[in-house]
Structure formats: structure tokens, C-alpha cells
């Protein structure tokens, strides 16, 4: 296939995720507000916030190290690249084989690794709380994710997202293990994006915050980078679920523009549905105590392991 | 004649240790010794590379008229030995280079210098040996010299205890190996490896496998034989710890591979089950124990246990695959294991170097007394951070690649017909995933508490950057970590002859792949391209920075930490290592370590501070080793009464023996 | 009737090995002054060594009383060598004893005379071609050592000597009864008189002797000479005799006298091995060897006196050697011989070191000896090396023999090998535990440098190291022939 | 040889066994010494008889040594020791006389079985002799084991050694018998001197183990 258009498509994809991420965030906030009988912020509020943050000067603690200043960019970049590797509207992108699902998971892992580190850099107790809890969640969420990957990979016979999507498209059939994987993935997604019931993105109440505690010391452009990164991460997970479990409408490799358009539209729809369901879920339950989260994530881990076992035992599940 | 060259190198090392024994008093002796060591190691490294990249057929051998008289000492460099020779001397060279700077601070050089080259020589000899006797001599010599190094700071009773446990475990392992070789060689005493190979199938393979697993596992640190490791590795000077953790454990892996894959003949499927099972448990136990530590070097040592587990998972899978004749997957699994051997040698040495540098700069190993070192030791911090990222299996560094390969191998294992494996492998895969995630947590803790935050003690505050030579070693290894992460194809291809010799196949040539990405089986199935990923990340980072700094603000204001409005001046309020691990301890520790937390809250009137007591127990020690020690103690005590009998009672012993024997004779047919 | 063979006018090497120490004993008994006598002692021992070595070159013809064959020449040369180095050690050791007033010049003269008498007795026992003569020689050796063990005249010393004396006498008596029984067994075949007790003729006719009688005889011989070897449960005299006597004597006891007794045992084992109908002596030796090994291993843990500890380690190694010879077969026998020579060298070296250490620290209690490598580096590292060697770590010689014993046993009798390994591990643990206390840690006691000649110590260790790395071919061939002799 | 010769030798040897049993039975010092003297006399008789039978004149020397040393000198010496140690009233046996006697019987039986089984083809005189000798040896050992007192143990050892001499002389034409008996006498002399010099009374079997610990140089 010709290199230039492929690169172009890849570039479009990267910009697309960057552009859509705040929108998804705004959408969820809006819907949430509506559900709580509030008017809520306008849909584009996240963009405004980001712009303002970027323009502001960055206030940094005296004892911040170079890691603290370069952290946000690395985190953002890692997340962005990971998101760019997940097929959104088209499969078989040029660089999609640069990293398979495991690698994408690990990329998010490195983003979290640095997030946790910068949380500890200033040496405040809040940063410590945030990092240690984040790593505790991660120590369960990541293996759960790997188990999900196993299940899916064993079904599709590949860890390449494009191949998986293609496989699901071509011979779609309800599978127990796939269902398990879906539930597990949703749980992991909620935990990873610091949503209710695991964490509350809106709170700054000391004892409950996890993600917010890590980024407490950030301001200005650095904070903007981190906010954007988390927005992209949310988008990533939604599109990941969409790509693995609802790959319909994805444009096949070397497709024409019409297919791309179809893909884009269907992707947009998927995003909205996903965001809506997320909000629905969030508003319907309350946040849980920190030490009940492991049980929550443990469920995901067990489901993933179960799915993998079933696949190992027989191909028919 | 490569073998002769290698042996010359070894001889040079031994000579160096003699010289060191004589010249230890001299000023600059340590620089000289370490310089010689690093040069010799580099030479051997080159030799190993040449042998690995262009293996001679048949493998060059050499026999010296020493050792067992009627056998002599045989040495051989085939692909496998070449690879491990490479690993050994890579680690050796790095450690020696590091020690050129580090060794200057040694308080008792006379107890380190003579044994350090001997230790290197011993490890090289193990890899070179081609008959059972030479192998065991080298093996035990390695243990002996490292024991001397562990004992180098003997004033501390803890170190003496560590050394004692170490040497006992080591010789226990050696005796097990000895028995194993006894089985392999048979009553005839055919001790050369070629003779052992020529025997079609091992007698009592189960027993042999057990013995070998115990023998090599006790040196590599498989649970539950790992107890000596977290004691002994930290006790030694840091560059030696780096060697012990980064290289000696790999030599143990070599022993296992050599015997099980090479000498024991065709594998049976059930061999893999104990290996994989123990390996999985080792992973989790190792990393969890590491998380519980607040002594930096002990944390690293425990973490070696975890990595050994990962390596043995790969080896076990390779055994299973090759037992069922699935050569390509076997090659994949074996490659994963060996590549991880290489990687672990790199980043574990690097991390121990870092720990050593910190130890030199602050005189502290306890993380609770450190913190904020990133400001005074930026380069060390950078190198250490690279090591942490690599060992936590994060892309784009090398640790991730080998673990990724291991995952790919696991994903191939449903094809295995055995039901036991069908159930075992996914469970172990889960353990691997779990330990990978925990490793990340562990090294966030290690780096965050040691280098980030505010200094917890004046010594930490007053730290300075370490010597140039040491820095060079660390940065070089960091660079290697990055490179082998970006260009894994090269390493994988250079492993091809090894896997080909052991399991009869090798992975597809990676350097032929487009864009230098690695593809274990087929691109549609799975592929990974570290280089591209790295380029991506770097580019997008730069782009973002560029954009923001150009079109948005770039000014910075320094201010006191915000900390939700009430910042606390005292660094004591920071999260400590223990408190960082507390959530995980509550999740896992209560099961694995019977960890209990109790808070001692004084009544209102008395002024003492309230304390939190955390008790973490080592169940392996309590369940396995303490009873054995107890038994020996009691038996010794009971028998000891025989020392205090009277002559008449001794006579009656003789009398009873006589009468008893006479009775036997009289009733003898 | 011994005399004619000794006062043989033509002084061939054979009688020289006996006459030189005998004459030396007389001279030393007459000679006053310790400086001179110590030197003379060394000189005489050296002359004996020369004579012994000369026997390697040309074998004297076997007589009715004395003879030399491949087996006993190993022992003779070894004995002469260790005796020589030990005399050199004692020359530097005894001076201090005299200075510290533990010994008076009178006792010293007695000591030197007895030393040579002991050498004479041991050489006689080794070279005797007549089992009766061998018995007499061993008894003589026992008596002399008894006298030397008690030489300090302390309560402990006398008690140890007395215990040694009584147990030794009983053992000797049992051995005699065994000897008589052998004669009885041989008489019908070889007729009355000399021949029935002459070794060379006995071994020729071994297949014809009455097996039942031989069995009974071997029981007595095993217990009799086994007492001297120090096999459990007949070992009781050994630790105290080592601990309370002068250190050179401990070295000689461990390094040589035990070997002589073992040699006697081996002779009779060959006799039984030559007789198909007789019960195989191996099983008995294996049992007692294993018993001693494990028992001594456990006993090592509770020791507080450094010399007594190494005495127990001698029991352990004697057990191991007996085990090896009991297993038989070319490999095991070779290993047994090798182990025996290595043990003699190493153990005597250890006692050299221990002697100087005890003098430097003024105590034998390990609790009061700490951090030797700090306070007395040369001695300390010497001790470390010795213990490492005796514990069977490479590259020192004992590792090779243990390697051969264990691996060859495991192929033939796995269970026995496991027990063997168990015993070795137990002993190893105990030795290293004590070593890491004594040689390392904060030094205690006096750190005053000792004036001592380290030559004997390091000569032995160097030999052991060399043997561990490279065994010269002729030695190997020779050991192999002996191993074949032992069947 | 004729039956009479044989019977006499037989009778003498048997007498020795009987006396050994009597030694076991004695519980008074002086009586013990007397019985032992008798033992020695009987031994010298049997040795002399063997010399006669075997036409081996050198055995007379052995007989003489036995007579002079064991029947006269040593008993006298021991008597003096007993007196000066003041132990002529006491004999502390470890187990009672009854069991000891039973054990003695058992030992005699055992030695009979062993010897007669082992020496099937040897000539009868030698067989009987050996069997008796072995039982004397075992009884002597038993005595050493069951007596606490140094002197009585010396006696036990000497009776054991008598058994040796009996066996040695019984073994027809055995060389070095004289040397051996001389060597043994030296041994005995040493023991007696030892007892005499070092006042060894309880050293054989100190009742108080604490004292022994000191001697072992352990447990300070």
C-alpha cells in the first residue's frame, strides 16, 4: 500500500483522538449534570479550560526536580501514542503493528509509572497517598487487563488490534469468554480513568482522591498536559472497547473515502453511546472506600483469568 | 583457539587475585586490580561475541591434564556457553569499571581485592567447563570466592549470618548437583559432558531433574531456596552485589539449561510442570517480598528472585514445547528466557550500581533515611530511573521486550495437549502479569522514596554526585538497556544459534523484518517495534513542548509547595517506603506474609508518641528452615550427652557392640 | 625375635626407617637441653623421611618380619613426611610451652624421646609382615601416645590419658584375640609356626582359610583396631586425647596414628576379600563408617574447645574413609586412599594453626577466640583455608575424593549416598558456623603477634591445594594399583 | 594325643571359666583378689600343661610370668592399694550380682555357640580351648563394665587378658606368644602403676558427672 496516504490516515487518527478527547469529557459532564437536574457546563468547556491553563504561568514548588517539569509531557505523549495506536475509525493503520494490545497496555503502564513518580517528587503527603494508591490499583488493574488481552487474543489468535477487530467482524458469534472479557474490561476502564466508584474526578476531598492527589502540585500548562492526557486515556478506553467488541463500521485497510466516512460516523456514535452509558453507570452508584477497590478490581482479574482458562481448556468457549 | 584464549583470560584473573593478595596494602592497588579485571572482561566479552555471532562447528574444545586424573579438565565453547560467557563478562566489565571509582571507598580492600578477580574467574570457568568435575569445582569455587566477598564486612553480625547461610545453602546445592551428576554419569564414572550426552536417556529422570532443580535453583534463588539471596547479596560490596545478582544467578540458569536441555537427553512433558509451577510462585513471592523491604539493596536482591522466576517460566515453557516437538514455540520461549537473562544482567547490575553510588554518597542503604537525591545526583538518578523503567517491563525499554516475548509464548501454549499444562500455564501467566504490575509499584517506591521528595536526613541532603568511572559504568548500562529495547531484533537473532542447538529451531530472522520490528510468528499475529514507539513518543513530546512553548506561556514561578493549602515544613511528613507499600501490604501481605498492623496509642496523659507496629513474617523460613535448624539443634543436644559419659559407660558401649556383632555372627547362616 | 630383623647388619632402607627413629629416641632420651634436642628431632625425622622416600626408588625384598608393598609404602611415606613437618612445627611450638612453663625440660626430653619412639612404633606397624608383630607395634604406639597425652599432668590431661589408656588396652586385647583367631584359621592350611602369621603367605592362601573363623576374627579386629581408628561408638578416647595433649601430638594422632590403625584394618579386609566364602567385610565397615560420620557431624555443633572440635572432625573423616573402603571398587578405594592422605595433611595443618592460635590467645575455648583474620591475619587465613579444605570445598584436594566417593556411591547405592550427603552437610554446617565465629567478627583476646614458623602449615596446605588441582600421573597410577589390591 | 591329656587341658580351661564366674560373684575386695590369684595360678598351670603337650618349652616362660606376676606381685600390690585407698569393705556393682551372673551365663553360651560353629574343622582341643578363652574374655569385659571400683576393674581387665593368654597358648604352635604375654604384662604393670600413682579410685567412673564435664573441657 502507498506510504503517503497511510501516513496521512495515521496523522488524521492522531489528531482526531486529540480533538475528540475533550469533547467526550465535556459530553460526559454535560450529561451527568443533566441527569442530576443541573444545567451543567457547556459542551466545549474542557477546551476552554485547557486553553486557559496553557496560557497561565506555571507555578512550581521550590524543590521540584527536572522530572517534575518533564513528567507531564512524557505522560501525555505516552498516552497519546497509545491512543493513536487503537483503531478508531479504520483498521490496518500503518503503525498499528508497531505495538500490539499488550504493548498498548504497557504504554499506559509507563504513563502511570511516571505519573506516580511525579506525584512523589515534591515530597508532600498527598502526592504520596495518591501514588501509593494509584500503584495499588494498578497492581490489580494491569494484570486484569493482561488477562483480558489473553482472552481476546486466544479468541482471535492474535494480539494485534486490527486482526482482532477483523476476526470479530468476520466470524461474529456470542462467546462466554468474550462476555467475561467485556465486563472485566469495563471495570478496568472505570478504574483506570479514575471514575466513580473507584475515584471521583470532581472531588478534592483529601482522603478520597487518588488521581487528583498526584497532580495536586501541578498548575498551568503542566496541569493542562495531564488533564488532556487523562481525557485522551478515557477516549482510548472507550474506543478500545468499541474496537474489540463492537468493531462494526470500522473501515478496512486501504479502503476508500466512503468507508472512512462511515467509519468516522460510526465511531462518533460509539463514543457518544459509550460516554452516555458511563455516565449512567456513574450516577447510579456511589463511590466505594479505597480498600474495597481491590475486591472490585479482583473481580475483573478473576473474570479475565476465567475467560483465559476457558479458552485454554477448549476453543469452543 | 578460542578456548585457550578464554582460559588464558581466566588464568589472568586468577593471577590478578594473587597479585592483589600480595599488593593489597599498596595505594592505588584497587584501581589497578579493577582496571585489569575490566580489561580482561572486555577481552573475554569480545571473544564471546565472536563465538556467538560466528559459531565454529564443531564447537572448539580443549582438555587440560588437571582435575580428575584419568579424565582431565575439559573445556568447550558452544553457542550456549558463548552467550553466557557474554553475559558474564558484560556484567563483569561493568562491575569492574564501576568499582574503579567505587572501590576507592572500600574500608577493607584487603578482604575484597583478592577475591573479586577469583569470583569472576570462577563464573567464567563454570560457563566454560565441559565435564562434571570441572563444572562442580568451578561452581563451588564461585560460591567460595563470593562467600569470602560477602564476609568482607564481617564486623557486622548480620553479614556473618548471611555469609554462613549462604555458604551452607551453596554447598547444599553443590552436593545435590553432585548427586545429579552421579546419576547422569553412572557407576562407570563417565564424567565428561560428551559421555553424558552420548547416554540416550537419563536414568531416573525425575530424580535427576529434582536434584538439578534444587542444585541450580538454590543458587539462582528459586522459592523456597531463595532465603540466602536477600541476605547475602546486600551484605557484599555493591559492585559484588551487582555481580552476584546480575551475573551469578545467570550462571545458575546456565547450569540448569546446560544440564536439562543439553545433557539429560530428550525432555518428557511432565518435566516442565514443576519448573513452571515453582517459577510462577517465585515471581509473585519475589516481588511481594521486594515490596515489603525498605533496605534498597535488599529490595533489589528480592527483585532478582522475581526475575529468576520470569526466566524459569520461559525455560519451563520451552521444555514443554520441545517435549511435544513444537520447535518454533520452544524456540520462542527459550529466546524469551535467554533474552531476559541478558536484560536482567543489564538492569539489575545497573540498579545495584546506583544503590552503591547512593551508599557511597550518603552511607545509607535504608530508604527511610534517603530522599531528594535527584537534585544532588542527577546523573545517577537518570541512570537509576532508566533501570527502574526497564526492570518494570515498561516500553520502550528492554525489560518489556523479553516479558512480551514470554507472554507471546504463553499465548501459544493452548496448543499443548497436556491437561495439566492447560490449567497450569494460564495461572502462571496471571502470576506473571501480576508480578509485572507489582514490579512497577515496587520501583516507583524504590525510585520515588530514594531520589524524589525531600531529603529525610542531613546525610541525604549533603550527598554529592559519584565518581566519573562509576557514572560511566551506570550510564553505559543505561544506554545498553535502551538500545537492546529499541533494537531487540539484533539480540534475538544472535540468540538463534543457541536455541537452534538446544531445541532444534530458532525464531524467524528479525533483522529482516520491515522497520526493524520484531515478529515472533507472523505479523498478523503479533508484532512490536520499540524503535518506532520510541520515535513516536520522542517526536510527540518534542512537538507538544514546541507548540506550547511557542504559542502559549513558557514562564515559570517557583513557590512553596501547595499541598492543599497547609504545607508541612518537616520532611518527616512525606510518605515513607513502608507507608507507600501499606495499601499493597494490606491487599496481599495479610495472606502471603501474615502481615499484621497494630497501633500503640498512648493514653491522653502520657506524652510519648503513638507508634504503628507492622509485623511481616517470612513463612518460608518459619515453615521450612526453622524446623530443620531446630531438629539439628535437638539431635546435637541429645547426642552431646555421649560426650559426658564415664569410662565404664564407654566400655559398656564397646561391650555391647562386641556382643551384638558376635550374636550376628552366631546366627549368620 | 623381632631383634634380628632390626639389627640387620646390612642397613637397607627398610631397616633404616626403623633404626633411625629408634636410635634417635635413645639419643634424645640422653640429650639434655631443648634447643638441641628439638633440632635433632627434626633432623632424625628428616633422615627417616629420606629413608622412606628412598624405598620408593628401589623396593627392599620382603622378609619374614618386615616387607614393603604398594599398600604400606603409601602409608610409610605419608607418615614420614607428616612426622617431619610436625617435628618442625613442634620445634617452634614447644619453645613457647617451655617459656610459659607448662612443660619442664625434663618432660621435654621425655617428650622428644617419645616422639621418635612413636615414629618407630608406627613405622614398625606399617612395615610388619607378621600380624603378631603388627599388633605389638600398634600397642607400643598406643602406650607412647598415652604417655604423651598425659604429659601436661593436669587433671584433664591425666583423665584423658587414662581414658585413652583403658579403652585402648581393651581394644588392643580384642585385636589380639582377632589375630589369634586368624592364626587359628590359617594353621590348618599353612601349618604351625611362623608362616601362619606371615602376611605375604597369608594373603596368598587367603581363599583356603576357614571362612567362619575369619568372620569371627574380623569382628574382633574391626572392634579392636576400630577403637584406634576412632570409629563410633568406640571413639570415646579420641576427642579428649586430642584436646588435652600437646598440639603436635594431636596432629600426629589425627594425621598418622589413626591411619596406621586403619591400615591394619585394611590388611585384614584384603584377607577376607580374598576369601569368597567369608562374609563381605564391606557392610560392617560401611555401617560403622556412616555411623561415625553422622554422629561426629552432630557432635561438632556443641563443641566449645577448638582442638576437641577438630578431633571430632577427624572422627567424621575417618568414618568417611572407612565408608569408602567399605564400598570398595576401584573408584571408591582410590577415593579412600586419596581422602586419607589429604585428611592427614589437612588435619595436621589445621592442628598446626590451632596450636599457634591457642598459644597466641592463651586459650582453647572458641568462645574466647574471635576475629582471628583481624588480629592474626596469617594464622587466621591459614585456619580459614584449612577448614575450607577439611569441609571439602574446591579447589582443595578433599573435594576431589568426596566427589568420587559420593558420585560413585550414588550410582551404586542411592540411599547410602543420601545418608552420606546428609552427614557431610551436617558436619559442613557445624564447621563453617564455628569458623565464621572464630575467624571473623570483632577480634577478642590478645592481638600480640606470635613468633612461629608458618612453613609446615602452608607447606601442607599448598600440597593439598596442588593435589586438588593436579595429581601427578605416577601417583595416580600407584594409587590405582593399590585400589585394585584392595579389591 | 590320648584322652587323659585332652581331659586335663579341658578341665583346666573349664576351671578358668568357672573362676571368672566366681570373680563376677565376689563382692568383697580381698576375696576378689584371692580368687583372681587363683585364676592366675590356674592359668599358669594350663599354660604349662600346653607347653608340655605341645613340646613348646618357651611357653614355660609365659607360665612363669603368669605365676609370678599375676598370682603374686600384682595381687599383693593391689591389696596395698586397696588398703591405702580404704576401699576394702566396699564393692559397688552397677547391677546386682544375680543379673550379672545370668549375663555371664549368657555370654558363656554365646561364646560356645560362636566358637564351636566357627571352628568346625579345627582339632577338638583347640576348639574347646578357644571357646573357653572367649568366654573368659567376655566375662572379664563384663566385669569391667559392671564394676565401679578401679581395682576391681583392673582385676576384670587382667582376667580378660588371662583369656587372651589361654587362647594364644591354645593355638598350637603360635609364634610370639611370649612376646605378647610380655607386652601384656607391661600393659598391666602400667595400669597398676597408674592406679597407684594417680590415686585413681573414682576416675573410672566418677559418680558426679559435673566433675567429668570439667575433665572434658566442655561446659564451663
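Every chain is named by a letter (A, B, C and D) in the order it is written, and numbering of its residues begins at 1.
By definition in this document, a residue touches a chain if its C-beta (ideal position, glycine included) is under 8 Å from a C-beta of that chain, and two chains touch if they have at least 3 such contacts.
As the structure is a prediction and not an experimental result, all values here were calculated from the model.
Of all chains, the one whose mean C-alpha position sits at the greatest distance from that of subunit A is D. Pairs A-B and C-D differ in how many C-beta pairs touch across them, and the larger number is found at A-B. Separating the centre of subunit A from that of subunit B, both taken as means of CA atoms, is a distance of 35 Å.
If you average the Cα atoms of subunit C and of subunit D, the two centres end up 31 Å apart. One simple way to say how far apart two chains are is to compare their mean CA positions; for subunit A and subunit D this gives 100 Å. Taking the mean of the C-alpha atoms as each chain's centre, subunit A and subunit C sit 79 Å apart. Looking at subunit B, residues 643, 647, 651, 654, 658, 662, 665 sit in touch with two or more other chains. The residues of subunit C that reach two or more other chains are 162, 166, 170, 215-216, 302, listed in rising order. Residue ranges of subunit D in contact with subunit C, taken from their complex: 114-115, 117-122, 126, 130, 133-134, 137, 141, 144, 157, 160-161, 163-164, 167-168, 171-176, 179-180, 183-184, 186-187, 190-191, 194, 198, 200, 203-204, 212, 214-220. The touching residues of subunit D, counted against subunit B in their complex, run 94, 107, 110-111, 113-114, 117-118, 138, 141-142, 144-145, 147-148, 153, 203-206, 209, 212-213, 216, 218-219.
Touching subunit D in their complex are the following residues of subunit C: 1-2, 130, 132-133, 135-136, 139-140, 143, 146, 155-156, 158-160, 162, 165-166, 169-170, 172-173, 176-177, 180-181, 183-184, 187-188, 192-194, 196-197, 210, 212-213, 215-216, 240, 243-244, 302-305, 308, 364-365. Subunit A contributes residues 14, 54-67, 69, 73-74, 76-78, 80-81, 84, 95, 97-100, 102-103, 106-107, 109-110, 112-113, 116-117, 120-129, 131-133, 135-136, 138-143, 146-147, 150, 153-154, 157-160, 163, 204, 206, 216-217, 219-221, 225, 290-291, 294, 301, 305, 308-309, 311-313, 315 to its touches with subunit B in the complex.
Within the complex formed with subunit A, the residues of subunit B that make contact are 371-372, 374-375, 378, 381, 385, 389, 392-395, 400, 404, 407-408, 410-411, 413-414, 422-423, 425-427, 429-430, 433-434, 436-438, 440-441, 443-445, 447-449, 452-454, 515, 517, 523-529, 532-533, 536-538, 540-541, 544-545, 548, 552-553, 555-564, 567-568, 571, 573-575, 579-584, 586-587.
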